[in-house]
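I've put the structures underneath this note.
Each of the two complexes below includes chain A, the first together with chain B, the second together with chain C.
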Partner chain A sequence: MFTYLLKRLGLAALVVMAVLLLLFSMLHMIPGNPAILALGTRASPEAIAEYSARMHLDKPVLTQFVYFLGNAVQGDLGQDVFSNRAVTSVIGERIGFSLALICTGMGWAVLLGVPLGCLAAVRPGSWLDRVTGVFSVGMIAVPSFLVSIWALLLFSLELRWLPAIGAGEPGDLADQLSHLVLPAFAIGLGWVGYLARMVRASMLEVMGEPYIRSARAFGLKPRRVVLGYALRVAILPTITLIGMGFGGLISSAVFAEIIFARPGVGKMIFDAVSDRNFPIVQGGVLVATGFYILVVLISDLLIAWLDPRVRSSL
Partner chain B sequence: MSAPLSDPAAPAETRESASRERREKLWRFLSDWQAMVGLVLVVLFFASALFAPWLAPYDPNAMDIPARMSGPTWPHIAGTDQLGRDTFSRILHGGRVALYISAIGVSASLSIGLVLGMIAGYGPRWLDNLMLLMFDAVRSFPAVILALATVALTGPSLTVVLAIVILTTIPSYGRVARTATLALRHTEFILAERSLGASTPRILFQHIMPNVIGPLLILAAMEVPVVVSIEAGLSFLGIGVLPPQASWGTILNEGYLVIRDAPWMVIAGGIPLILTTLGFTFLGEALRDVFDPRMGRGR
Partner chain C sequence: MTNDILLNIEGLTLDFRTNRGRVKALRDISFPVRRGRILGIVGESGSGKSTILWSILGLLAGNAEVTAGRVEYGARDLLTLNAEGLRAIRGEEISVVFQDPMTSQIPVLPYARQMSDILYRRSMSEADKRKAAVDMLRRVGIPDPDSRVDAYPHQFSGGMRQRAGIAMSMLTGPNLLLADEPTTALDVTMEAQMIGLMRGLRDDFDTTIVVVSHNLGLIAEMCDDVVVMYAGEVVETGEVHDIFHNARHPYTRALLECDPARIAEVSRKLPVIPGDIPDLTRPLPGCIFADRCQKAMPDCARVAPPQVARGGGMARCHLLEGPLADASWPPPADVVTVGRDLGGLAPAKVRNDAPPLLDVHDLNVRFRTMGPLKARMNGVSDPFVDAVLDVSLDLQPGETLALVGESGSGKTTLGRTILNLQSASGGSVRFDGQEIAGMAEARFKPLRRDMAMMFQDPVGSLSPRKSVRALITEPLVIHGAQGRDLDAEAERLADMVRLPRSFLSRYPHELSGGQARRVGVARALALNPRLIVADEPTAGLDVSVQGEILNLMADLQAEHGLSYLIITHNLPVVRHIADRIAIMYLGRIVEDGPAAEVFARPAHPYTRALVEGVPQPDPDRRRPPSATIEGEVPSLLRRPKGCDFASRCPLAQEACRRAKPEHIHIAPDHRHACLFPLSTTSDLTETA
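And now, the complex of A and B:
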């Protein structure tokens, strides 16, 4: 387990480095002076020189990368171009909204999708199985941003059940929760389908194994066989899927934040793109990507901990 | 799909059983209702996009200010937008953008992923590891985040959308091609080729590629919805196809701005998107079940 942990951490570090390099070279691949790009063509030469010095744009590219890397490691992602505040503190203010959204979205999808998949697998061919099958493909087929728009239209504009925009009054938990419902519904809906299908497929595979037959032959209660024996093994591929799928969930969350005007990191990056506020874009992209890499890492380690066969494969 | 494997010198018996197997597969495909629904939707998508200029009742960019924001009534069956443009005609023309992006995007990333994956699977170990690292690094960017970062630097355009689509979908093809190549690498017919002195490119493109391409084509059918959704999503955010050009994403974008007064725009703009996604998903899954039942579990 320890060697696996070391190897996997090393791999994650390499991926982070590659991502940083990619991000950095993207900034330098565009023709033109980054200072003029950031400040606009009408900026005075002094402002451009000042900006270049502040962002180390006057140094060689390799030196710039080292600066960039050093600062990023120390948790310094630069300053907001307009307010001059540290990018990290701007992100710190907003990341809670994004995390709450992502966790709620994934949470309700797991709570609904996994039992649905189990029930469908226990009785293959039943009406529940067929309904689940058709519904899950349907849910997967609708792009999440469309679910967001349609949910906004139906539940807040037509039926007026839930608020349409914002994240709720600070300090008022009930209000904040009611603002969380629609975006979390929208980003989780496709996942209910994904998870139900995935759990169903791997459950069916596991339920055919000899040890399940033995457990049954010993007279264990069906409930115990399904939950205690089959699901424990069948859930493994699902954990990997959840880890890998977080990238898609982050993308969905960006859309949901923009559509419901929720002040999270995704909305922040989007607004910064329109304002050409590069340090914010860069910092936000770095945080979102880092979060994704972390989630995949955690899911891989979790799998290795649960399933000894995986440890030897790396 | 496995044409190069059927040797003309093979005994007539094997050839006959192979053709019977093919007939059985075709029959299984034709008797699957999901496959048929998928096929119909996909054909509808291609036909409506290709023949949009003839099918559309109005010019997609013709403004008719007096008839602006009129509801879905005859003669505007899907209503009109804030400039009085016919939404139905814009949807038909928007399909052309979706078709263009998915045709170029899917074929480009399939070819690049195929070559990179074969090199990774056939080449030396370090090259394999480097490729896997690259695939992982690219995949670590959620697609929209990568798109936002790119657009911050270059400004929105169709080219950026294409580049994002190609870049983010290469790893899935690359990984599948790599796994398939690894499995073939030590088979006898490849070793025989090698000992006869065949060059590496010849082995890769003449012998490995025909055996790797099948699963990749099925994957391509499943990736079309991803590509179409990325284009629509980015255009919805205003960082993809630029107005006034009609795309499903820009229709949704313009509809979102007037969602209180003209809700039919976001409803009508979303339906073709769902039908296309559903069609390709059904078709891809049916193809996979017929040709490669084992692939179903991994994804």
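And now, the complex of A and C:
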């Protein structure tokens, strides 16, 4: 178990490094001098030289990368080019909005998708099964940014039920929640379809297993057989899917944050890329990558906890 | 209905709706289950024997439809009982032991939880439920049940898992226990233990047992009453002695005669029941067995046979009563009745001094159990297990060597290593004088033409998307068939394995078990090999078909001088087909020699345990429970330091636990590895 965790964490560090290296080289391939971009075209050569030296822009890319890594390990992700504030504190005040959005999006998808898939599998061929089958395809097929725009037009502009932009007044929980509803709906909708289909398929498979027949033969109640036995096994592949799904949700959240003008990490990265605000981009991507790796690790540990066969092979 | 009848099945008729039409799977099934007795339902695959069990429990597949009949349990008819009522009976009054303990127990819940779930209807505290579970696990022979109750199924071996399965079914003290092929997934020594266990439980708990099996040995050893089924009908019922010693239905007779364990003299040719099970979408109007029956008369296929009672049982056959009755039928007990061509007893092959075709010397195969890092962290200095340990054997042209052992004995690994599908870690394998162990695949490929494999799972080893024609010519294509007429080759091979040519355009899922086996044989023969390694060539086949495949293999051997290495655990079959036997235990050969010698005078206690462990299809030759060896094959991870078998050997002494016994020759071609071999004549007569 310990070796396993060690291995996974080592692997995670490698992945983060690779992602950052890729990002670094990409940023430096974008034409234009970052110092001029940051300071403006009318900046004096001295100011540019001073800025380049301060940001280590005069060193080779690889050296810059090593500097960046060294600082990152110490919890320093550099400064915002424009405000000179620490990147960590900029991300710190925005990450809450993104986490709330992503977790709510996946949360409602799980709460609706899993029971739907379950019910469809218990009664294959029923009207619920057929409706779920048709609608889930639609939900998966429509991109989340389109859902965002439609939802915005319909519920905010046309019906005026929910606020259109922003994240709500700080401190006003009800207002913040009402601002969360539409973007979370938009990014989670596709996942309702995915999860319903996935759970239905694996439930159907598990319901045909001999051990389910055993449970019935011992006279267990149908509810117990379905929830305590079949779902207990069928949920395992779904957990892996959910863990990996967070990766997709991070990018859906970028669109949702742009469309709904939510001050989250996604919107921050998007703005920083257009402004060539490299420290912010790097810090944002680092946090997103770390979050994704953490979620996948948690989902794997969750499976190990739920499945003794996996646990004993760790 | 008298009080000594616990369950009465009356006229049960059932169809399966399939896309081929309605399969009339059960037709007019009637028999009583008497209280306190063990009833065996015996029949081949497709006879509908398991379907009866599931209809008793109301757990039939969704496409099943009961069209007539009653299943009377007390005053109730289980077929019309509502879901609520059935659920109250399941697990409490009627319980089940399942065929495959690997798949019938949920892998993600510990036994404590699975067992307390079964007791959900009882108003007991959780602690009491746990105690009940522990007590029952102890009763079925699980060692250290207080902690094992928290184990998960995958942490148990196959035998332990089936014990736990029996414990689960007996937990509520049911009136009726249904057992569906309870030992089919287990080794012989485990099988004998399970039979003893279930008989003991019947006595202790006064439970009535219905056991479904195709294994005549199990039925004879365990049951009091027998129901014989064929193609969805009950053809004969009776007490076990009457069925096994004086059966009245030609099918029962034929089935018994096909069992290799009932053929006393060694016979290269085994009896078979010609033909296939009839198409149940259109069953015959008369006797269902008519088209395969040796005694069939023209009217048999048209007129339904009379039901003739004897004792508490009955048989359905025209020979017994009515215008077609034959006064000389049934012939006296134990007389061969169905046409059986022994083909003359083949003379025992004499081993000459010809150079062996295959010569394996001190072969070792080791598997790594954990990565080097983990091994170092856990302080394991030798993270390997020996799957095959110092194995030496040789095989002459035209000879059949049987490699016998329980699961986990390393016999399949040895077979794979000989075919260079698994790399050896030491020793040599010489084929026709040429060293092949560790040979690179590119150099080995031409040699593959001379060696072929018959795989254990006949259908699973065939690509489902290829036609039989493509499948049996595949080896030719792989090994370059330029200029050959593949269609002609396919027909030649089909004729060789007696597969009708019309089958060449079929696909694997359209084949029966026996037909799929024939395709496997044809594939093995395609390149005219000299050695065929056959992994469990008859596993999963009905006895009536098993003979066909073995006879075919024997004919091909005689015709082409093939050598066979047969990997199997089926000793009764081995006795008839093998020239020599090698017994494996934990990767080591504990005894090898001429088949007749090894059977008649086993030197190693393990050999004797295997030979005597096979349940005999004869109720008069039941063994006392003490005759079975205890325990099970230890894990390779815990290989004993001394003799591998010492932990289970009834004769083990201190010296056995200290060092591995060397191989000792007691005859030029008969070796064993035992410090205290059975003194070859006296011991055997004592136990017999």
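Everything that follows uses one rule, which is that the second predicted complex is superposed on the first by the 289 of 314 C-alpha atoms of A that agree within 3 Å, B and C clash if a C-alpha of one lies under 4 Å from a C-alpha of the other, contacts with A are read in each partner's own complex, and residues count from 1 in each chain.
Keep this in mind: contacts are C-beta pairs under 8 Å (C-beta built on N, C-alpha and C of every residue); 3 or more make two chains touch, one makes a residue touch a chain.
No experiment lies behind these values; they were computed from the predicted model shown.
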- Which partner, chain B or chain C, is in contact with more residues of chain A? B
- Message: Quick one: is A:V281 in contact with chain B, with chain C, with both, or with neither? Answer first, second, both or neither.
- Response: first
- Please work out whether A:V131 is in contact with chain B alone, chain C alone, both, or neither, and reply first, second, both or neither. neither
- Message: Which partner chains sit in contact with A:V233 here, chain B, chain C, both or neither? Use first/second/both/neither.
- Response: second
- Which partner does A:L23 contact after superposing on A: first (chain B), second (chain C), both, neither? first
- Task: Return first, second, both or neither, reflecting whether A:F218 touches chain B, chain C, both chains, or no partner chain.
- Result: second
- Task: Classify the contacts of A:R309 with the two partner chains as first (chain B alone), second (chain C alone), both, or neither.
- Result: second
- Message: Under the stated touch criterion, which partner chain does A:A141 make contact with: chain B (first), chain C (second), both, or neither?
- Response: first
- Message: Shared contact residues on chain A, chain B side and chain C side combined as an intersection?
- Response: none
- Item | Residues on chain A engaged by chain C in the complex (per definition of touch) | 2-3, 209-221, 224, 228-229, 232-233, 306-309, 312
- Note on the structure: As the complex stands, chain A meets chain B at residues 11, 14-15, 18-19, 22-23, 26-27, 30, 37, 137-138, 140-143, 145-146, 149-150, 152-153, 157-158, 201-202, 205, 237, 247-248, 250-251, 254-255, 258-259, 266, 269-270, 272-273, 276, 278, 281-282, 284-285, 288-289, 292-293, 296
- Message: If we count contacts the way the header does, which residues on chain C are in touch with chain A in the complex?
- Response: 57, 59, 86-92, 95-96, 98, 100, 103-110, 117-118, 120-121, 152, 154-155, 168-169, 373-374, 377
- Query: What residues on chain B touch chain A, complex-wise?
  - Reply: 133-134, 136-146, 148-154, 225, 229, 232-233, 236-237, 239, 252, 255-256, 259-260, 263, 266-267, 270, 273-274, 277-278, 281-282, 296-297
